[in-house]
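What follows is a pair of complexes built around subunit A, which joins subunit B in one and subunit C in the other.
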Partner chain A sequence: MEVTMDPLFLAWSYFRRRKLQQCSDICAKILQDNPYDQSFAVSQCLKTRALTEMVYIDEVEVDQEGIAEMMLDESTIAQVARPGTSLRLPGTSQGGGPTPAVRPMTQSGRPITGFVRPSTQSGRPGTMEQAIKTPRTASTARPVTSASGRFIRLGTASMLTNPEGPFINLSRLNLAKYSQKPNLSRTLFEYIFHHENDVKNALDLAAQATEHAQFKDWWWKVQLGKCYYRLGLYREAEKQFRSALNHQEVVDTYLYLAKVYQRLDQPITALNLFKQGLDHFPSEVTLLTGIARIHEEMNNISSATEYYKDVLKQDNTHVEAIACIGSNHFYTDQPEIALRFYRRLLQMGVYNCQLYNNLGLCCFYAQQYDMTLSSFERALALVGNDEEQADVWYNIGHVAVGIGDLTLAYQCFKLALAFNNDHAEAYNNLAVLELRKGRIEQSKAFLQTAASLAPHMYEPHFNLSILSEKIGDLQSSYTAAQKSEDSFPEHVDTQQLLKQLRQHFSVL
Partner chain B sequence: MSESSDDRKWLDAHFDPVAGLYTFSSCLDLAELSGDGESQLVVGDLGSGSSGMKLKVYRGTALVSESSLLDLPAGLVAFFMDLHEPRIPAVAVASGPCVYVYKNLRPYFKFTLPGLEVNTLEQDVWQQAREGQIDPLTLKEMLEGIRKKADVPLSFCSLQFLSLDASDMDEFVQLHKQQPIRRQTVITCIGTLKKSTADEDGVSCLVIGTESSDIFVLDPEAFIILAKMSLPATPTMMDVTGQFDVEFRIMVACRDGNIYILRRESDKPKYCIELTSHPVGLVRVGKSVVVGCTDESLQGFTQKGKKLWRIVLPAPITTMASMDLPSRGFQAVLVGLANCEVQLYRDKNLLSTIKTPDVVSSICFGRYGREDGTLIMTTKGGGLMVKILKRTAAFEDRDSAPGPPLAQSIRLNVPKKTKLYVDQTLRERENGLAMHRAFQMDLSRLRLAAAKTYVKALESSLTPVSSSLSEPLKMNAVVQGLGPSFKLTLNIQNTATCRPVMNLAISFLYDESLYQMRSPYMRIPLLVPGLIYPVETFVECTSDKGISDIIKVFVLHEGRNCPLLTAHINMPVSEGLKLH
Partner chain C sequence: MLSLHESLKCNKLICLPFSWPSEDAMPEVKSIIREVLPKQGQVSMEDVPTMVLCKPKLLPLKSVTLEKLEKMQMEAQEAVKQQELAMKEQSQ
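Moving on to the complex of A and B:
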């Protein structure tokens, strides 16, 4: 007869091997078979943890500000903050980074980053109109970034799973009883917080548990802070995290607290906090990354790059740092170095459409023509969705413009539009090609569309302005030029055009 | 540099950012209204432009008097109208067709411009309306006819009547038919001209410019018209020198962009200065005239209209005034600019720059209180600023010819060529042929791949732009809303040059378990070329799972089985839940 393994031990083993579904199934069986056994409590605990692990997401990394939180934010103090103290108004780059003429902008007026993570794409829109128009789920930056942070929408996991009803019925739970048991209470808290996503009950439990621990347990304080943060009570969250830091210095707590400050739009405080954290945990990668990200969001690209380099000194496989430094080199006219960084990513096993896309562009601009088009071909073979495909075609279109094959360029931009109807850059470039063909009406229509799709880009406004000026519609030309000036005040050509138009208007 | 030097030149006497003074330089004057040797500031306040017009008097830092005006003031001057002691000047406020004269700040006299010639036909028509022979509609037709043909323009009353809706006409006729038809002009600018002596407190005549392109000189005591001169265009600003009985010169800037110079002998302009853009300010300094223009330039002319110089200013001009300090023999021009600066020019040399917290809308320099050199400015936001020129201040002409431009010494941030780059160029040099071949082969392959995909996209009408010759259309979609309700706006445009497109319809393809659409099939009206037609519909997200999907939009042509255009809309995740 075969010796069977103790099911509880098997479940534990499964849990260790992260075969969570099997673990949960075995636990369920144990719970059903011998409900009054000694192993009951253990297996219940195990199942709770397995279920939590299944939907666990890194709370520090994954955080996207919802549109409602962005626009209906009551904790905003100054609407017009001084430049360099707010994430909301990036202003002109203080770090001497490239201008929008060289490095494309995201909608919020920041240069695009080399690494997509929540909050690099959307930023904070200026007006309600702009906010509700934003395509919030899709759209990557162009040229495509090398890796994208994946995230499930918070709090929806439990709704999608569990067809036969919840494992623990929260409404019947005696939170006070469980909060007395330190062994159980933490597992239960994580279950409620991550799996059930019931922040209110989690907060209750955490509050009672921290009381039971006589306000001396830093872990519970961090959890309280997390709950407050989820509920949008940032000042309370800050208090809890600060108090937790007094008990015990933990990197995670620093990261949470910095997140609170970023949400409160106090990037300088967050930076100071990170530096304080670095005193206790010298060269900690996550803290360095945090600093780099804040610098990047505040449009200070050169210091962001410095910090990313520090990150690489500690962890030379840090994808985000490599990607960001690479894209910075690309946009500061050193594509050959960017190529090195992207090749490094390839060596590390990052193998996706975006990376090949970037490699293709770098090869083209670094004059390594033999590898350019094969990279794009691979990128096309690896596309995962329509947006990626649109981006690859858009970049091929750029190469085609570069080698003077306008027919190919035209087809590529059309294809980019076919795969992504909101591709404002493609509309803009298509308009220029149409104009070269002499089809003014088409060109104008495309430019208007591009301008309405991406009001943050100055190119369509400027092109429309030039076009209108050529056909003699000075008034439209002037309004378009003004819009162009709004989105890129330092643009010399716009300035000159405006000056010329003003002269036109003042002459009798 | 200018900042520090201005601190040394001007004393900040008073600044009230919320004084609520909205006025222009023409409605600002300084005068000793109380006769005690203290000069006061008289302001014609424009209020909000439709109400709150006031005549205000400031003494020191306080508002001492305020009286309402009936209409917007076009100009304000203080002048001596008689020889009585004590010598207290009267204030004339020009507004609408009248000049209101105030003495001791009390209304004293109202002078109304003589009416203009009225079209006899118009008078007849109104006469008929009065007798009830014609109804308002016929009246309107006849007036329209007169307006088109006659040389003499219609009266204001008739013009107002023509702009009314048919329903209001009856009432208007009832109300106005008893009143005689008059044609009235309005005053556009006002100035003063000494009568017979050049003394500081000599009796002055009023000089009035009107909308009907006339200049009137009024007698100060009897208020009768002493002289009438006509201009080719409507005057906007004027400057007057000399004495009426001896010799005078009136410089008038007109709406046609010319400046006309009138002399005593003739009732027609003697000289004409043709400017390249519209004048916004006219100031006489000694024997020359300084004109500010809309093309951000300041130009100097002789009294006979010869151009002396022209300089370009850093910003558009908002207002101009002369700065005359006879005790020091100093004359210059103050220019208010739209970049919150007031610049002081003597001829073409910039003497100093005053930075102001707001854009200055009016400037006046002269004796205020007991201080001779006082600069009074009001700002666009309604603020009042008083600065006093320091006795020690000295203005030097700076040589405005600078050295080489600053941009010459700025270094360009050109990145260094890296070793990597050099290595790569070496590789390129060595394997040039192989690289070129590889590239050309890849290019042909890519062209083929692109053409294939393009044809596929065209065949299935995947693009949001239709390139067919008969229906060149373009569509883009905008999704608005937080969810669960979204508004879907499809902007459709016909990009043909002149042909309209008809018989189109829109339909949608979507996951019915996720979305509900109010109208999944819509007809599109005739599309006129060039215009953007927004087609709106509402989408309801029925799922609470926080997932989103693509909605496909097809533009269809009646009688054809394949769509003209397709657009894919990435729906945003619904952030709200539907209430049940």
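Moving on to the complex of A and C:
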């Protein structure tokens, strides 16, 4: 006869090996078979933990701002922030980052970064109009509020897959009873917070539990802060995190608190906080990374790079730091050095479309032509979705322009548009190629499309201005040049064009 | 003190008119050279604004959290789709 393993032990083993689905299945069976056994409570607890782990995401990283939070912001103290004190006016710092003439910009007017996190995915649009427009051009739609965002969608989906309904029925749960049991309450809290995404119930539980612990448990205070943050009550969240820090210094608490300050648009306070944290935890990588990210978001690229280098001194396999320094070298005209950084990432085992695309570009601009096309081939083989494919073809188009094969370039940009019909850069470049062929109307149409898709880029406006000036339409040339000046005030050619046009007008 | 023009005349080196060497770096040599002023070919350069291309785009790498979020969202969408399909089949 076969010896069967104790199901509870097996479930525990599955949990430790992170085979969470199997663990949850076995626990469900135990719960069904012997509801009055002693193993009942244990397996219930285990199943809760397994379900939580399945959807667990690092709360420090998660940050999704909805339209409502952005536009109906109550924490603003001044209409226009002073230079260098706000994350919302990116051009204000004097960091000497590369201009948009060399480094492409994101929608919010920041140079593109070498690494994306959930919070850097889409920048903060400046006006309501832009905010509403954003979802139409970006690949991911911006939610109305962060409470209606990805979390709710994930939560409801996890409900759907379970035909017998939710594992724990929150509305019938006696939160007061569970908050008295310290060993169960934490598991339950994490389940409610991460799996169910029911922040209000989680807040209730945390409030009762912290009361039960006589307001002396830092862990519950941090959880309270997390709930307040999700609900958009930033000042309350700040209070809880501060109080938690008084009980116990923990790196995570510093990170959460800094997140609150970043949301309140107080980057300087966040920087000071990180420095305080570094006093207690010298050379802590996550704190250093936090500082670097803030510098980068404030367009202060040189000091961001300094901090990323500090990060690499502590942890030489930090992907974010390597990628950011690499992209910075690429856009400051040192593709050879960028190539070394990206090769390092390849050595470390990062194997994806983005990396091969970057390697291809670096190889081309560092004149290592033998590797260029094979890198791009690999990038194309590894693409995950249409947007990535469009970007890779767009970059191959640049290589084609570089070697003078304009037919290939034309085809590449067309392909980019076939995969992503909102690729504004491809429209702009296609317009330039069309004009070379002498097709003025086509070129103009492409430029107008590019300008409406990406009003933050100066290139389409500037090109449209030149084109209109050539065909004698001075008025539209002037308006386009003004738009170009708005998005890139330091651009010399735009200024010259404007000056010339003003002279024309004054003569008339 | 010689003017720039005169000092150029004294130089043995044949200088192109558009690349003046700096005055103090020049040795004082007494000889006469011809002044060269090209009359054909590209004599001057006018700065004409040309169309600009958008720049090549390095793709940012994705953080682990973002990848997990995207994966979870994909899976959730798949699950919802399949359940809806199953519901449709049941109702038919």
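Quick note on the criterion: the second predicted complex is superposed on the first by the 476 of 508 C-alpha atoms of A that agree within 3 Å, B and C clash if a C-alpha of one lies under 4 Å from a C-alpha of the other, contacts with A are read in each partner's own complex, and residues count from 1 in each chain.
The rule we apply is simple: a residue touches a chain if its C-beta (ideal position, glycine included) is under 8 Å from a C-beta of that chain, and two chains touch if they have at least 3 such contacts.
These numbers were taken from a predicted model, which means no experiment stands behind them.
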- prompt: Taking the superposition as given, does A:Trp219 touch the first partner, subunit B, the second, subunit C, both, or neither?
  reply: neither
Message: Going by the contact rule set out at the top, does A:Leu380 touch subunit B (first), subunit C (second), both, or neither?
response: first
- prompt: If you stack the two complexes on chain A, which partner ends up touching A:Tyr234: first (subunit B), second (subunit C), both, or neither?
  reply: neither
Query: Between subunit B (first) and subunit C (second), which does A:Asn352 come into contact with in this model arrangement: first, second, both, or neither?
result: second
- prompt: So, does A:Asp422 touch the first partner subunit B, the second partner subunit C, both, or neither?
  reply: first
Task: Classify the contacts of A:Tyr478 with the two partner chains as first (subunit B alone), second (subunit C alone), both, or neither.
output: neither
Common interface positions of subunit A, toward subunit B and toward subunit C: 153, 160
Field: subunit A - residues contacting subunit C, complex
entry: 55, 57-58, 61-62, 101-104, 112-118, 120-121, 150, 153-154, 157-158, 160-161, 319-320, 323, 326-327, 330-331, 345, 350, 352-355, 357-358, 361, 365, 388, 391-392, 394-395, 398, 401, 424-426, 428-429, 431-432, 435, 457, 459, 462-463, 466-467, 493, 496-497
Message: Quick check: in the complex, which residue numbers of subunit B touch subunit A?
response: 257, 275-278, 293-296, 413-415, 418, 420-421, 424-425, 427-428, 431, 434-436, 438-439, 442-443, 445-447, 449-451, 453-454, 457, 462-465, 472, 474, 476-482, 491, 493, 495-497, 529-530, 532, 544-548, 567-573, 575-576
Statement: So, in the complex, the side of subunit A touching subunit B is made of residues 66-68, 96, 132-138, 153, 155-156, 159-160, 332-334, 336-337, 340, 366-370, 372-374, 376-377, 380, 386, 393, 396, 403, 405, 408, 411-412, 414-415, 417-422, 430, 441-442, 444-446, 448-449, 452-453, 502-503, 505-508
Message: List the residues on subunit C that touch subunit A in their complex, please.
response: 47, 49-63, 65-66, 68-69, 72-73, 76-77, 79-80, 83
